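Contents: one structure, followed by commentary.
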Amino acid sequence: MAETITLETIDYVSILAKLKLTPEETEQARGDMQKLLDYVEKLNELDTDGVEPMTHLFPYGNVFREDTVTNQEARTEMLANAPKTKDGQYLVPKTIE
Amino acid sequence: MRKQYETIIGLEVHVELATKTKIFCGCPTAFGGAPNTHTCPVCTGMPGALPVLNRQVVEFALAVGLAAHCGIHQYCRFDRKNYFYPDNPQNYQISQLYLPICHDGYVEIDTGSGPKKIRIHEIHMEEDAGKLIHDEWEDSSLVDYNRSGVPLLEIVSEPDMRSADEVVAYLEKLRKMIQYLGASDCKLQEGSMRADVNLSIREAGQTEFGTRTEMKNLNSFKAIRRAIENEQERQAELLEAGKPVIQETRRWDDNKEASRAMRSKEDAKDYRYFPDPDLPPVLIADEWIQKVKDRMPEFQEEKAARYVRDYQLSPYDAGLLTESRTIARIFEETAALSGKPKKAANWLTGETLRLLREKNMEPEALDFSPAHLAALIDLADSGTVNNQVAKKVFEKIFEDDVEPEAYVEAHGLKSVSDTGALEDAARKVLEANADAAEQYRQGKEKILGFLIGQLMRETKGQADPALAGEILKKLITLPPAE
Amino acid sequence: MTQKTIAATALSREIREHKRSVRETALETLKNIQTLDVSVGAFLTVLPEEELLAKADAIQKKIDDGTLTGPLAGVPVAVKDNICTKNLRTTCASKILETFVPPYSATAVEQLEAAGALIVGKTNMDEFAMGSTTETSAFLQTRNPWNLEHVPGGSSGGSCAAVAAKEVPLALGSDTGGSIRQPSAFCGVTGIKPTYGTVSRYGLIAYASSLDQIGPVAQNVSDCAALLEAIAGHDPKDATSLQRQDCQFSAACVQDVKGMKIGIPEAYLQEGLDEDIREAILKAADTFRALGAQVETFPLPLTEYAIPAYYLIASAEASSNLARFDGVKYGYRAPEGEGLHEMYKRSRSQGFGPEVKRRIMLGSFVLSAGYYDAYYLKALRTRALIRESYTKAFRTYDLLLAPAYPTTAPKLGVSLEDPLKMYLGDIHTVSVNLAGLPAISVPCGFDRQGLPIGMQLIGDAFAEKTLIRAAYTFEQAADVLAAAPAGKED
């Protein structure tokens, strides 16, 4: 049987995912996730012992860039989409230290 | 009666690598740019931007790992560490968890009771975060991504240290080693070397570890010592009071000389690491490892031992000279050019270190040419300039790397060894100071020093003091002229 | 829906022979979009006329002075809205990126521009490419040009609908689990999902990085091949991009499948497959046989594990890829409340739609402490096995033939009710992404409602040329679209 998804699990995951769910959305999310996990349970029929997890499709060999500066100053372009800026910086709500 | 406790310390040391560009993009790593002027789509986490690994980062990581006797994961990978914070533009940090580049090494430190191995659990490559500053006016924070993506090595030790002294010895050892490799300048104050201290205590004689805390924001060796003392005391007090130590991250406040827990319910420490699909694994062939080994520099101990053996320097001087790889290099070249290693050592351990202190400079900033120092040593040895003048000329070499012979010539600083000229000057001095001359004749020999001083002044310091003394003596004891 | 736009290769020949100008072509395209897109709704952003004409004139100049000689010079192309275009709004059909104007272009876009293609606008899609109908777009309902009551498929629904409606001859899509092939099938156009790493992902806003590929959508196989040829190639900005020397895809448009061995995975013809589609596939098999190929069914193991593995891997990667949308650097920021984390949560909750949130939640969960091995690693191990089962199949067969989707285009508004059911539809497409293989979706018939049916040809890694040759041969022989049922006026 798949993992049982509780409302607490959904609350915890929404903290990780930085999503704010209404009580209805939380209940909906619980149901959805339960259904999906029950479904993916199917994978446990498959014996994967000793199979190396496939993190990359091809043997690329080393892919590097050389240590040379290629980028020009582009502050205006980088900041152009920011919702709030000040003095050439991104402005965010106070971070608590 | 309070119990005896033993302190167990492990370190996570972050070192900013001395590459020209960031780890995953072609932005410069140079300090001092206006905020966000060293940024691009990659290091500001623009949608669609992709990382490509800087080869030099792997080179440096290998060099540091091999110097620290580590094993190398010849198939190593990058993982994403997922957490939300504005200094981290992608809201994940590209780091290494599952297959870090280096593992299971050690460095050896000297302790009061002899040498000790501090084991290194792993060394991994990762990207630095941006900088956050608090804006009082807006009651907000401002983000600068110039440091975002600067390459870091994280060096994770085993919990093998037992005191602040050992911690400092370990850090000094790492720092010197990494500086010698040219992999980082390792400045604690500027943050190019940072140490997080994991500390727990246990009753003396116990073998189980206690609960540890992690201390951050330690910007100097002094802060590290204070924080360790403070934290072992805090934990001991908790245990004495029958309270548990909580596993947490604490931030050291250097002004208050105290730490406090950094905690927020929004910070579930669940980083959801997984292999970064954007970065293929790094493959490190035997030949690559061999190449890095072949390029290993001679480290401080070997170098210092060689100086004592080959140049007959004192261990103390050899230690001072090898403190910095730059000074050691200047020393070796100067010694070779001048053939006078002891004199070269004197200039470097004496005047050079004095001027560095006076000007508040790092040895790495020295950029005068050993040929000029060697030439100065020759000038002084041949008596062309006297010691006072030589020191002045050296200061010019230190500051502007002047060519000493030309400089001495241009400024008329040669010692006056022309006896005739010196005799003329001496006569003038004796005429002006007839009293003193008389006193000398009456046996007050000490007064000669005064007269030599006057003669030096008369010659603007260019007289050879020994010669000046002889001439004065000769003239004083001569019968008066017609 | 009447539209006289001709195929891209023919169009570019006319331009090069000065039978028409790029400006004329640009104006016609704008007119097409103005007339047709009111009902089709394929475009989210269209270049303003002035800008488009300026670009057209610049391209014309280069054609005239001999700088541009290729088959895309002066040809209008639409670009899916998850591919960054410098100074042209790129939204991923999400509220969270509604205002995003990229400061740079995707490498594929730069390659198109270098080839002289005329980029006319950005096409609608499922939000962040998560969906199979283009109904999860935050902005617009795209309709199937063959029947406006039906969906165009997804997630590249806008690109496929724009080509099917002949608003443009060419479009770029992206395919993570079938997002080019399935809407191509639904819309009766041709689309290719290239071998992973063939087209640079730099500038493609990531959904699932290990699965995403940009690919071409066109009215026929040779246009598709020409467009793929223009965007393929190694890119130093994408570390997963491959060094391939074999990207002369247009040259593969040859009518010859003699002796080719084609396998049909048995499982793909079983339960859940529309009867009309099964018939069309079997008929296509007969066509191939008639053309000299050997076609047979064979058991391809593990097909039923592809969907669970796919959704675990894709959601996990998505949860991390979409973390960067947080209201700090670009995109939507919710009016501030109490502090940083509240700002994050509000911006993301208001900015993302339900399907995107569902996958972010699932992905965050399967990577979280205690579940990584059971779900994520298990899925990666399954992925390795699926890849292996394809590798084995390609020891026997040159190509695999399969449906692109179990049904033809569903009606608008019925698919989103049951997410799991929607995911299950991807049975024929996702394993190709898991294995990194190339596949082409080609029209092969119509169902009894008059909706297009697409078939998929799947090749071994790097076998695009074989795919293209077989698809081209089939297209020339079968001329499926000429047999379009009445009702689709053309």
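Here are a few things to note about the model shown:
Note that the chains take the letters A, B and C in the order they are written out, and that residue 1 is the start of every chain.
In this section, a residue touches a chain if its C-beta (ideal position, glycine included) is under 8 Å from a C-beta of that chain, and two chains touch if they have at least 3 such contacts.
Model, not experiment: these values are computed from the prediction.
More C-beta pairs touch across one of A-B and B-C than the other; that pair is A-B. Chain centres here are C-alpha means, and the one lying farthest from chain A is B. Taking the mean of each chain's C-alpha atoms as its centre, the chain lying closest to the overall protein C-alpha centroid is A.
One simple way to say how far apart two chains are is to compare their mean CA positions; for chain A and chain C this gives 23 Å. Our note on geometry: chain A versus chain B, Cα centroid distance of 40 Å, whole angstroms.
Measuring from the averaged C-alpha position of chain B to that of chain C gives a distance of 55 Å. Multi-chain contact residues of chain B (touching two or more other chains): 41, 44, 46, 52-53, 82, 84, 86, 141, 143, 264, 266, 270, 272, 277, 279-280.
Under the contact definition stated at the top, the residues of chain C that touch 2 or more other chains are 100, 103, 210, 236, 239-240, 319, 323, 326, 328-330, 340-341, 344, 364, 368.
Residue positions 12, 16, 18, 55-56, 60, 63, 65, 74, 78, 90, 92-96 of chain A each touch two or more of the other chains.
Across the interface of their complex, chain C is touched by residues 3, 9-10, 12-14, 16-21, 29, 32-33, 35-36, 39-40, 42-44, 46, 48, 51-58, 60, 63, 65, 74, 77-78, 80-84, 90, 92-96 of chain A. Residues 12, 15-16, 18, 55-56, 60-71, 73-75, 78-79, 86-97 of chain A touch chain B in their complex. Listing the residues of chain B that touch chain A in their complex gives 19-21, 25-28, 33-41, 44, 46, 52-56, 58, 77, 82, 84-86, 132-135, 138-145, 251, 262, 264-266, 268, 270, 272, 275, 277, 279-283. On the side of chain C, the complex with chain A involves touching residues 99-101, 103, 196-197, 210, 236, 239-240, 242, 302, 304-305, 308-309, 311-312, 319, 323, 326-333, 336, 339-346, 348-349, 352, 357-358, 360-362, 364-365, 368, 371, 375, 377-385, 387, 419-420, 435-436, 461. Here chain C touches chain B in the complex through residues 83-84, 90, 92, 97, 100, 102-104, 106, 201-206, 208-210, 236-240, 316-317, 319-320, 323-326, 328-330, 340-341, 344, 364, 367-369, 372, 376, going by the rule given at the top.
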